[in-house]
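Same chain, two partners: subunit A is paired with subunit B first, then with subunit C.
Moving on to the complex of A and B:
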């Protein structure tokens, strides 16, 4: 029997997100309820759109990986979809699907030590969850696991794949080089979409994403206040909510709401109960309770920044010319999620140092994702730095998608022991 | 008026421990096997400690700190403190030069870096399984039909320790069965078990950074064979604290109770 693509995503939409939105619109449950409702709504909208395009094919479906942002695809009226972002949504709202996908992948012969993000995507393809893409776009970054993973996906999906070469530096020359790769990619998109490239359309979309980024930058400044007025439980979901839709007006609307809600809380001096300021490096567990909400409720520990929100801290793009736009999109893509994995560790350390200065942190938590060869080598460097600077530092291993590797109860126990022992 | 009396009650996963301290001296210390419910274990162990000290009731204890897995279920505790803090404090109180404490409990193990003032500087806990814990030893004893004490003494007799590579207690059990079937000497298997655990602990200890003096606390510290293997793997001497290493957490809790009372 043929399964409809995104059947499980639709299950999340109808079984979790829509009922949650209905409940929150009737009763906000907490002071954060109105913003939580907007977060649920944008996630619902994104999923609705993905399900609709996957089934009705009114647009060409382009699966693109990290190191790229949606704007260039939107300029050709294509539907860009980042599978990796959606692994967090499956993990958060349908954990059983994660186990099912991973098991399908490992049963098909993929080694268990491969990153679960790739295993989930391969399993989703094997389980007919993922629609047949019209094009897969990937790069030479961000990590070795996904380099292998995308070859498997290409084979399984039997779809054309375009690869961009991501440079190993992160300066103006690097952005220029990568922009050249994107310029060479334009004819591929023209052929796929059957549309001529229209610079004004791209400008329009980039200006839209610039507006969203400006709100996010303002929101970032607010999170630096002590106490932080940003609702901690929302921070866990922001990335999944916006990463797939930059350049679309509803993304800008959401970023505006995020900023305005946080600003109003700052202005009204609403009590947040913040006692401990935490910066979370790498990706927190996506399954079970909202770990950030739990930390705030139990210990007054507020996560003021995490790696994924750090990725959203991008300066807007100069829209004066095609070169400036492509170089701006290159800068965003290369610095977006996992894009920095291609870079030397010292640049990660620069982020770590910046987080310390910007957010007046009290401690750092690092969850080291099993299968991530880019995260693990940094831990010793982080730890040495934390020791030198006398910053309380907790590191533990987990799998941020698969609760079977380390349970949420174990993670919570370690965090509790950390806060209590270090007397934070 | 009598001197105030301070108590520490450590309800772990396999045993309950209680220590009473007065005038800077331990006046009672008791270890009992855990009952199904932590509050019952707590009542049992504290009543035995009270009796050992010649007192009549837990109400005679001025201030008591609970610790261990069951710490929040100790009905008579004035407060609860994490076992990491308590083990570090206990070890530091017994031997002020201790800077690294390795606690091998029934269900988990932890390595603590301790500051000059006895505070936890840094710590790391074991993760997903029973590797490096008392449960691992229990599983191996079951297969070998020996006691925990036997593992220690047999290990010291070994001439050629067997290699046990599995960190998982279930897989290690299979390995031990295979070794037995191959006719490997039990003493060599016992040493292999101790080396396997030591390897796991060394890996944790290196994450915290090994600073001398190093001590081992918890029930497994009584396994002399394990301590020897640990010293070999760590390439460092281990200085055991005076007295019973299994009560260090409860003792630390009692010391912290005294400090909390002094602050109040």
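Moving on to the complex of A and C:
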């Protein structure tokens, strides 16, 4: 019998998220429970929608990569799906699937050192977990692994693929160049959807995502307070919750709840016990216990910002014209999630300084993902910079998706030793 | 005393990251710019009166200083180059030009820029597509590169000078292609190792001198009888492979390399710039349309077509696909090529290597087994 697409995603939905929501709605477990419930609910809703569209095909299923946001697809009533975001969901809630997908990919001949994110996606295709897309949209960022990974996926899926070139700079020219490609992409979407492009519809959707971003920007300001009122355990999930649904009202509602919950905590002084303020660079382990929650509970070490939430810190888009909207979407896409990895090292250094100033950080933790050829060559530079700037700095290797590479116990041990050694 | 064979001289030039011609150029007050990758238009550097040299780590033996910045998750080419740079071995360079060829080289440039910058540092933002918009972007990038060179070195790169350079480089490429094609027949006049020595040397010589030597090499081939003592005709496909000794090991097992698709090989000299276009337009068309590397995200089919065309024209019995460990681009490409080659019936052996030749026993065994599997 043919497997249903997203069988494992459905397993996560019915086996983990829905029971968690039921439990949390009966008993919040902690002060953070009401927000955790909303987080579980938005993730459930997103997954439910993905499974439904993949099976019933009431909308065209568009698989798009990092460096693009959903708004343009939504304007054509297409269903946008970011595969990469979901690798974290598999890792977090069904770790066995990660092993299964990676093994399938390596058995097909893809070298083990390719990023596990791409190996998970290729393996999910080989395992019939991924539905046949009506269109794949990929970009040339963030990395070699995705550049070649999508060429492998194209071969396996035999689906139409549209490509955009992501420049390695971050200025107005770069955004115009990328926006120009998005403009050229509009006829492709018109043909796929059978709908004429409607600028007012795009404006409505961009205005919706602007509202979500405004809440996220306010939330970001709250995280800078000392002590930070934002529950660190939630920080680990925010990205996976919102990255696939910008432009949809339920995303805005969630961002509003995130902001209001955090503001109330700030006003009531509920956040206590903060001893160490941490900025986490790159992606933390997604498997096992919530690592941010563990750090807060054990050491009073609060992750006040991390790379993925940092990517969500985007100025709203000017909706006055098609050009301004496309350039805004280009800016968001290029700087969203892993897109920033394409930028020169000097900008990472500037991010370090900004983080120190904005978040009053006490230390930086870098989890260097084994497959990331952007991250590893920057470690030496980071280390020198942290020494010059007198910022305590921990780096360790891991694979943020695959617990078989470095166990969570090992990661925890390294963090514990770091806090002790640095007397933090 | 008999004059040294030009092929022998080219072999010696390929065996180091520098050579006596570069030293002579420097001694005469000439400037030198190191660059990486076949998407950097060396004609612009040449037209500025500067010697362009493809940066290699040939002769490097260790990576101790390079490893302080690049990790063991990075390819050994990048680590060896960085090691030499940090040890001052490339201090003869007046500048370095790199581009987003791959993540390893991109970050290698970042580290050099922050830790051991040369006076002129340029990073080219080369598109990963070759459509109209991407070509316009590439034009913008190389125009800015041209202006930066002019400003930094206080020279003018006129269109006339640029067109002269284009003609000169076209001649180099035509000569290299003739040498490459001397391997089509049943008795190739050059081994694969010799051809790579020539192609690598061509990236490290003043082009005027290089063309003279290539013409002499073609004459020297006329007196050769050709190679017949081989068991199989092999096509070699790889990215950054600049070590003829690796090819020699394959050829010693009986697999004569009769054609290749390499960064420093055929992909670098295959197509010419169209001299009927304006010089900048000619460069854009030439560099955006040369046989692509896997960094180009829409071109796998073109790459495979190029490989199959060469394999067929040179009557290859099988393909060896080499990749540097931790090279994602060639790792994925090698997988795709294996799937595609299976459909054609042409055997393909994927091999993984480090930049410095190592694991010889395993390499020999695998190549021998591959040749035997082709019933030779």
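A few points about this structure:
Assume the second predicted complex is superposed on the first by the 423 of 424 C-alpha atoms of A that agree within 3 Å, B and C clash if a C-alpha of one lies under 4 Å from a C-alpha of the other, contacts with A are read in each partner's own complex, and residues count from 1 in each chain.
One rule holds in what follows: contacts are C-beta pairs under 8 Å (C-beta built on N, C-alpha and C of every residue); 3 or more make two chains touch, one makes a residue touch a chain.
Just so it is clear, the structure is predicted and the values come from calculations on it, not from any experiment.
By the touch criterion defined above, A:150 lies against subunit C but remains apart from subunit B after alignment on the C-alpha atoms of chain A. When the two complexes are overlaid on their common chain A, residue A:140 makes contact with subunit C while staying clear of subunit B.
Look at A:195: by the touch rule set out above, it reaches neither subunit B nor subunit C. Touch criterion met: A:109 reaches subunit C, while subunit B stays clear of it. In the superposition on chain A, contact of A:344 is made with subunit C only, not with subunit B. In the superposed model, A:410 lies in contact with subunit B only, and not with subunit C. In the superposition on chain A, the chain among subunit B and subunit C reaching more residues of subunit A is C.
Overlap of the subunit B and subunit C interfaces on subunit A comprises residues 397. On the side of subunit B, the complex with subunit A involves touching residues 81-82, 84-85, 119-120, 122-125, 127-128, 207, 209.
Across the complex, subunit B is touched by residues 383, 387, 393, 395-397, 405-406, 410, 414, 416-418, 420-423 of subunit A.
On subunit A, the positions that touch subunit C within their shared complex are 108-111, 113-115, 138, 140, 143-145, 147-152, 154-155, 163-169, 173, 177, 180-181, 184, 342, 344-346, 368, 370-374, 376-381, 397. The touching residues of subunit C, when paired with subunit A in their complex, are 68-71, 73-74, 78, 100, 102-104, 106-108, 110-111, 113-115, 123, 125, 127-129, 133-134, 137, 140, 294-295, 297-298, 300, 323, 325-329, 331-336, 338-339, 350, 352.
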